[in-house]
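Two complexes, one shared chain (chain A), two partners (chain B, chain C).
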Partner chain A sequence: MNIIVIIRQTPDTETKIKIGSQPNKIDPTGITWIINPYDEFAIEKALKIKEQIGTDGVETHCSVSLLACGPQRTEESIRQGLAMGADRAVFIKDDSLEYADPYVISKLLASELKNMQYDLLLSGKKLIDIESSQIPIFIAEELGLTHVSFVMKFTGIDAANKKITCDREAEGSHEIIEVSLPALITCDRGEDFPRYASITGIMKAKKKEIKEITVSKEEIEKFGQRTEIVSFDLPLSRKEAKIFEGEIPEKVSALVKALREEAKVI
Partner chain B sequence: MSGFSLITDQDIIKGFCTDSSNYPGHAEALIRPKSTAEVSEILKEANSKKIPVTAIGNRSSLTGSAAAEGGWILDTSQMTKIIEINQGEKFALAEPGMMLSDFKKTILDEGLFYAPDPTSEKECFFGGSIATNASGSRTFKYGSTKKYVRALEVVLASGEILNIRRLNIEKNTFGYLPFQNMVDIFVGSEGTLGIITKAEVELLVKPENFFGGMAFFKTLSECLDFVVNVRKNLINQTPTITPRAVELFDHLGLDIIRPDSPFKIPANAKAAIFFEQEYTSDSNNGCEALLNNWLSFLESNKALVDDTIIAEQAKQQEELRRLRHKVPSSLFEEGGKYTKEGGGKISTDWSVPINRIHEIIDFAKKLKEEARIEDPVIYGHIGNGHPHYNFISKNAEQKKQILEVVHKTCKRVITLGGTIAAEHGIGKIKKDFMKYQYPESIIKSMKSLKQSLDPNNILAPGNIF
Partner chain C sequence: MQKTVEVEKESLSFKLNNDQALLQKTIREVALENFKEKAREIDKSHRFPRENFELLAKLGMTGLTISEEYGGGSMDYVSYAIVIEEIAKACATTAVILSVQLSLCAAPIEKYGSTELKEKYLKKLALGEYLGAFCLSEPGNGSDAAAMLTKAENKGDYYLLNGTKAWVTNGSEANVYIILAQSTPAETLHATSLPKHKGVSAFIVEKNMLGVSFGKLEDKLGIRASATCQVRLDDVKVPKENLLGTEGEGFKIALSTLDTGRIGIAAQALGIAQASYDLASSYAKTREAFGQKIINFQAIQFMLVDLACEVEAGRLLIYQAAHMKDQGLKYTRQAAEAKLFCSELATKAGNIAIQILGGYGYTTEYDAERYYRDAKITEIYEGTSEIQRLVIAENIIKEIGERIGEPA
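This part shows the complex of A and B:
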């Protein structure tokens, strides 16, 4: 079975985002870039499938490839995915892709996927930076693939008959969906902790193949952006808390007064 | 009464009477000063009336040093200002009541680094960490808190406000050596000699980057060999690896973290080392070169290399530290279940020179087997020859048996050139051990110092002596 995990790079969740000199760009200074966490769950799920297939006695071959698209810095995240245990990667590289919209990205990825062998495409359910879930769905549409979103876990893998059973949460219940492969599935966290890379895994990752694809500005432009980021705004900072000073009875009186006269909630 | 107010409601006070040792304290009042002047006023009043005053920090002490034995509890939680962060001279001046982790985070946000990292940094105050000379996992590289304290403002029992500064000179023969740097009299004095109201501490340039990791071993002995070799390697002119932390988990420690570990702990692992390694963008000290060196070092020291995990991302690094902290915190909870029956957690804090680590661990194991007590969890700062043994006693009888073993171990620690309290201090529960480490005449001279600075013995009575 050939699994391809589509990954993107996002700022670390701990990063303090600053808006850049242009209002529609963020300031890249000091940003730590990581694999989009939901894509990391997808890598973990792919590696678990590989481990399972390796031991089920039916089919012993399963490969996990990564497919990424982005500026040069994306390579670091690709290496992290390879260190986790993916076998190889394809990297569509161009610095102009930094602010490409989900439509262009999905077009580029889909056109590369047309040249690749796969049974299962996995990706995260959304990007944590721009909260977008569009790319994998556009790809499924472009390639005419069955698509299941927000999958928590795989409850059955039938490699011989090319079927996979997905479990996803739906309004307080679980939907169990059996899908024929090839298919594209977007992943939620479920019970998966993305594995830590082992020291030997990191060393091996340095020797694993990353096939680089360069794209021209014209190729990117030909797809035509469908959306444009006009500007970023930081969330409004929370109002400061009001702290009442003095002894407890005074503080209680002041609090009650404020609740009644300022907040008008009592 | 003077201008400070006493909280005398026992329902409030009882929440402040013990610390992480569960030592049963008691007090008549709680005071929360907001300034040095107020602390001075409080001590003048207490001294004139001979009322004990115990500064409690955030009560994370493991030795009862923050559990008041009567009198007033002095809570510094209202003194939380960072007065200055000096980028040029790399120091910070702050009041004592800020949570140490918040202090460190503020410093880090300024692009600087405050090195001391006690395991309880999210539960202890900046001032408390100085009053106890706290240390932690990164002490392996950076040393303990003392090294970073440049100056102190201390209020003495009389109410006198003392401003003292570490001399920034290489040579000094003026007076007895232990007194030449007056700051050192108060660092680690457990609230017995004065109340720290401001501290100026040295800051470092923020390390460029680091990775964490966990290496597993098939036996504790092989794990200890690895640690001894790490120290030997550091003596080389060009050490291949330069960890800033080298921390032990024995097999029982691994059992504690296994249920919610985000990585696989191999079933055949009987011990593990949690480590952190800093690196720079320079190619010789870069990530790749150092990972290569670590791999070679681990391979030649019988680590289970294929299972050795590396934490490169901030959230993974934080998770490793959380796991490290989980061991003492879960043992604290476990011990707490038996305090009513006269049992509880008994932890050791001894350390020995690293070349004697095998000897003392073998000795302690033999004693434990002879006494037929349950296996302790062994974890902690092994890189400093400082593993913590945590025993859980279920009743008073078991506690007595365990304490006998601990006393015998501590006596041996002294003969091996070690110390009985490497980081937790003496507090109220380790006073009986003083005689093993110091001759009676030296203990007397320490008592004389206490007597001269606090003649009415109002400051943290019951601590140390």
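This part shows the complex of A and C:
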């Protein structure tokens, strides 16, 4: 079974985002870049499948590849994925992809995937930077694949018959979905805690192949950007809550007065 | 005629390589997520953090610098310094546990041990199945190590060890100990006018050998969970193949072992200093006094600026010493400089952190007071600051001699 995990790099969750000199760019200074956390869950899920298949005796071959695109720094995240246990990686390297829209990125990744062997495509349920969930779904559409989104865990993997059973939360209940492979699944956290890269993993990763692909500006432009980021704004800092003191009748009249005169909402 | 200019391929670089950067990111997360919170609890309870060691073992950190051949990671000493610093930022106790494992126990076995000893001990140390310790000091002698009273009598098939070793990190928790003992009888030393240190030998002693026992856990100012205690040897029969190196080579082994150890302790001290700086600076950015954030006051700024400069300087000293070791160069002076500078910096940084946090810094509500307590030992163990100055002085005098063409 060949699994490909599509990963993106995002700023660390603790990053204080600053807007750059142009209003539609963010200031990259001081940002620590990480694997998009949901993509990291996808890597963990892929490695678990590999371990499971490796021990069930039916089929021992399972490979996990990573597919990523982005500027040079993306390589750090690819190396981390390889050190966690992925077998190889394909890296579409281009600085101009930094602000490419989800449509262009999915077109680009899908065109590369057409040259790759896979049974299962995994990715995160969303990107934590722009809160986008579009890329994997676009890819599934582009490749004509079945897709299941927001999957917490896999409850059954039938490598011989090429089927996988997914469990996802839906409105306080669980949906159990069985799909035939090839398919694309977007991953939620579930019960997974992404493994740390071990020393052995780091050593082995040195010998793993990162296939670098460069694309021309024309090729990227050919896909045709569908959206444009005009500007970024930081969320307004929340005002402190106002607490009214006194007996209930006094508090209520003070509240009504404030809503009418200060907040002007009634 | 045109001259071709040879361009040196590797210019001076301050950038970690890919493996080191990934290792730093990983161990930082590991330490933050698993050791930081617990550091306070084990400081209070004196409980040896076995689960921390086990996690490090699972990740291969217990074999970080041991060669691949014996199941280790074959990583360089810059990586070692990175790992110890990152762990120390979260928990100085866990940092010294690993530092002793790698540089005081595994490293001398790898450097001086026979193939059999390496097969027997290194693999288990690398996998973290064994925890290691190193025993040089005694209740009556520390810096004057050659004055040791622990004796090893050569009985043919085995050595008979008797004596008491003091201040042993990982003491009662370890499985395997490097023990330094006087193996030359006093009368021989006297008759041959051999200096005492030339009679010292190093042995690998296992915990379960008959006659090995432990004193009570020391109640210490800082790094309170590292199971420091006395190791007592009462007619312990050590097989002759457990002699490390040759008879009389022990003191040399101890000194070269401490050279490596000092990189670890410097890195541990640096981690404490960095943690103190991080805490004090973020506190200063939020705490208000006289109607503004205290970081706006120059009194606070200057304290933080001094720390920021010195932490950077300390890290460069450590990386220099580690890099020289990795290059196979002599690094005794550089390791001593790194250890001296960083350990004194750690105590200073802990002190400043408390000062900036004021009353809060003096309580256990914040980590500043623990950093201060944990820091002090780095000025004492693996060679006091005074010994570091002696080591540096000795090397400087030698270098001056070489420069002006006079023997030292």
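We adopt the following convention: the second predicted complex is superposed on the first by the 239 of 266 C-alpha atoms of A that agree within 3 Å, B and C clash if a C-alpha of one lies under 4 Å from a C-alpha of the other, contacts with A are read in each partner's own complex, and residues count from 1 in each chain.
We adopt the following convention: a contact is a pair of C-beta atoms (placed from the backbone, for glycine too) under 8 Å apart; a residue touches a chain by one contact, two chains touch by 3 or more.
As the structure is a prediction and not an experimental result, all values here were calculated from the model.
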| item | value |
| --- | --- |
| Superposed partners chain B and chain C on chain A - clash or fit | clash |
| Partner chain(s) touched by A:Val104 [first = chain B, second = chain C, both, neither] | neither |
| First, second, both or neither for A:Ile202, with chain B first and chain C second | both |
| Partner chain(s) touched by A:Met1 [first = chain B, second = chain C, both, neither] | neither |
| Touched partner set for A:Asp12, first chain B, second chain C, both or neither | first |
| Partner contacting more residues of chain A (chain B vs chain C) | B |
| Touched partner set for A:Gln80, first chain B, second chain C, both or neither | both |
| Identified clashing stretch of chain B versus chain C [202-210, 400-408, 436-444 or 454-462] | 202-210 |
| Chain B and chain C footprints on chain A, overlapping residues | 80, 196-200, 202-203, 206 |
| Residue ranges of chain A in contact with chain B within the complex | 12-14, 32, 34, 80, 193-200, 202-203, 206, 247 |
| Chain C - residues contacting chain A, complex | 18-19, 21-23, 25-26, 29-30, 58-61, 63-64, 68, 72-75 |
| Complex interface listing, chain A residues touching chain C | 76, 79-80, 83, 196-203, 205-206 |
| Parts of chain B lying in touch with chain A, wherever the complex brings them together | 5, 213, 262-264, 288, 291-292, 294-295, 298, 305-316 |
